[in-house]
Amino acid sequence: MTATQVNEHGQLTHLLQLEGLSKAQILQILDTAASFFNPQDGSIVKKPVLRGRTVANLFFEPSTRTRSTFELAAKKLDADVLNLDIGTSATTKGESLLDTLQTLQAMHIDMFVIRHKENGIPQYCADQVGPRTAILNAGDGNRAHPTQGLLDAYSIRKHKGDFENLTVTIVGDIRFSRVARSQIAVLNTLGVKELRIAGPDNLLPENADDLDVVVHRNLDDAVRDADVVIMLRVQKERMDSDLIPTTDAYFAEWGLTKERLKLAKPDAIVMHPGPMNRGIEIASDVADGPQSIILDQVTNGIAVRMAVMSLIMSGRNSG
Amino acid sequence: MTATQVNEHGQLTHLLQLEGLSKAQILQILDTAASFFNPQDGSIVKKPVLRGRTVANLFFEPSTRTRSTFELAAKKLDADVLNLDIGTSATTKGESLLDTLQTLQAMHIDMFVIRHKENGIPQYCADQVGPRTAILNAGDGNRAHPTQGLLDAYSIRKHKGDFENLTVTIVGDIRFSRVARSQIAVLNTLGVKELRIAGPDNLLPENADDLDVVVHRNLDDAVRDADVVIMLRVQKERMDSDLIPTTDAYFAEWGLTKERLKLAKPDAIVMHPGPMNRGIEIASDVADGPQSIILDQVTNGIAVRMAVMSLIMSGRNSG
Amino acid sequence: MTATQVNEHGQLTHLLQLEGLSKAQILQILDTAASFFNPQDGSIVKKPVLRGRTVANLFFEPSTRTRSTFELAAKKLDADVLNLDIGTSATTKGESLLDTLQTLQAMHIDMFVIRHKENGIPQYCADQVGPRTAILNAGDGNRAHPTQGLLDAYSIRKHKGDFENLTVTIVGDIRFSRVARSQIAVLNTLGVKELRIAGPDNLLPENADDLDVVVHRNLDDAVRDADVVIMLRVQKERMDSDLIPTTDAYFAEWGLTKERLKLAKPDAIVMHPGPMNRGIEIASDVADGPQSIILDQVTNGIAVRMAVMSLIMSGRNSG
């Protein structure tokens, strides 16, 4: 049986991907995230709505950065957090993923945050767990990174307001990027006016025509008159392969510089999911410049993850 | 001076082994464990009886699984938990175990959960620490794994009621198994009618005659009319040595299959301490079958560890 | 802009080094530390003054021991604690220290505890972070280890009372020791009568003349009539280099034995920052003897770190 991430009352029970969530559901997440900020000083407040609950971080791909954001979000909600270093123990004993998951579930863990290099593992886990256990996808293969898509949507709304009048450009390795896939899903659902993708031919997705995006093969065209420019990280694997020539050549053709940014709207914002390769996909003076909201994205990521966790928990409690 | 795990008032002050605990003391632990379950929904409740206390996991042998159960138990009691990665730091600086222990004790840690590959290390630590500090044995060498024995007793009582009428069979590598040793101790103290052990000749304990068990050299005989069948994990070390032939041959002779399980009582339960080697000591359809309570053992393990921790702490406070 | 660790109201906002702190500021830290001990039983009390705050341990040099003391201190103050294993993740993705720091700061972490093998990294971080974020130096290169200096001062005051009449001797590898540097700073500020340093010629600091210390090149002379004898750890790097001959020869000339300790005042105390090399810089019977307060130093270290964290947080809140 394939588990769905929304129950019959429209409540979130897992977060596996952004495809399939309605505009209302996404806006509810963004509004809930907004409620975690103290309006006086912009700090993130502690709300003990997960007191007595346990959240386990199950990262099969190491990522201190992303793991930390989920850990912080869970702790701000007063959950007990378990960081499971899967690489070094369970796997070396030859236990299967399913046995590991069922064993951890038997420990009455309420929520698993899962990152895995293979597509579909979070969905597989959601299919296996019982009704008390929630799965949060923290990135699977090149398929989905839903909390990243949500925090990007939050950040765009915060800085630009309504989505209907916006032109948003995503630049770089779209093909292998779970971040791009989730961004495209959420921004189309939220109804941006124009969604553009741009990158080297061999890094554009094969199914670009199905994605409801405008494809550009030239950075200047892609950036022209955009309200939002999202630069993607060039992964080390891509640099080590033949898919990109040299980092200098990549920067010359696809790097966002101050000059190129001038082609966008004067008040355009620049985003990046981090960690950045300065001088490869983005110039340092742009990354640190007045139009960059890259660090604000990180802050918003904490609140968005708190929102997802608290909505899932309240959906489960009332479900 | 050899530290004892029970003080002059009969209260638990450490948990080093199950040998020497009285039936009343063991039943008190099981009853306390039962009190941590919410009778309405079977969830494990949070009780802040260790608020302000610190529990340190000191695992000299890595085990994400067992460490997690102790960490969860401590957090459910609201203790502060410290996971000490001993392999990578203190030891590389050449500090002795005793200096490490004394230094950590000086940090006013209330309870150490210790796993070590050498027999007797938890006892040694209990001998060294002062009256404020408790030692919990999370497995030493092939000597004892007392919380595993307790959670197995809890699970048997939950599913089978009184112990006096039960025939319990333990199968596999008894000789090198700390789990088996603790199971034998607790089940004999609790007074099971018949306790059987079975396994290849070279994996039976040398002192089998002293153990108050019936030894079987054939799986069919061992399982026949049993109420409880406990399969032990075949350790990788054993597979790599000459002690077992091939995993296929082991399964043919000692693996628990559906057919063999039919020899046991119709309502017999199947247990395993985990992690399982499916197709080596147990067939997958038995592991996942209706008679298996393997995942329930994991759940009970959390409550049993909470019980041990809270009893030790209340014994120390009143001592 | 160079950040200062004390604001215009004289309140601590970072802790980078002990040089520059006034006697009154240091005594305030020691008095605050004392307030965290329960006068009845000497236990360290839990005070939730950092509830809702987040402390991140950012250890670029591994140290389970020191990291644990900061983690415990933060948890005793009810902070959420994040242990960031920098070696394995962010750095392998090629992110710069500054980007890592800014990203973590964007997660609204209130306090960073930083250890780094290079001098000046905590100061650099303090220069970069915004007014909401505090930096605690947990040891940088051979430059400073301020919480160690403070806990040593606390321990000396506890056992010896006023500083004005004390002769304190520091022995060993002064040259490469951040511990010694912080001890010298704090003890001179607190006004000890005589501060002596002693060690092999090539392990004495080049700027000894500027340090306001009496230099001894002979252990007997250095220890004679001292009230406090502080032995430093011989680092493994020094043993592997030509800077010390053999460990036996080192012990013969610079190891603190019972006989040599007799040259000090009869009620002299012996200290060591840990972890000890028994039989190299200190004899086992001295380390464990009645004049040793080595384990009490560890205990005091928890309270001193709690004091620093709580003072910084209250300074920031009122600042």
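Each chain carries a letter (A, B and C) given by its place in the written order, and its residues are counted from 1.
To be clear about the criterion, a residue touches a chain if its C-beta (ideal position, glycine included) is under 8 Å from a C-beta of that chain, and two chains touch if they have at least 3 such contacts.
Predicted model, so just to flag it, every value in this text is computed and none were measured.
Q: Classify the chain contact graph as line, ring, star, complete or other.
A: complete
Q: Given that subunit A and subunit B are copies and touch, would you call their interface same or different according to whether over half of its residue numbers are shared?
A: On the two sides of the subunit B and subunit A interface, the residue numbers are mostly different, under half being shared.
Q: Let me have the rounded angstrom distance from the C-alpha centre of subunit A over to the C-alpha centre of subunit B, please.
A: 41
Q: Touching two or more other chains, which residues of subunit C qualify?
A: Residues of subunit C never touch two or more of the other chains.
Q: Quick one: which bits of subunit A touch subunit B in the complex? Just the residue numbers, please.
A: It is residues 51-52, 54, 56, 80, 82, 84-86, 88-90, 93-96, 99-100, 102-109, 132 of subunit A that touch subunit B.
Q: Can you tell me which positions in subunit C touch subunit B when the two form their complex?
A: For subunit C paired with subunit B, touching residues are 43-46, 62-65, 68-69, 71-72, 75-76, 236, 274-278, 295-299, 301-302.
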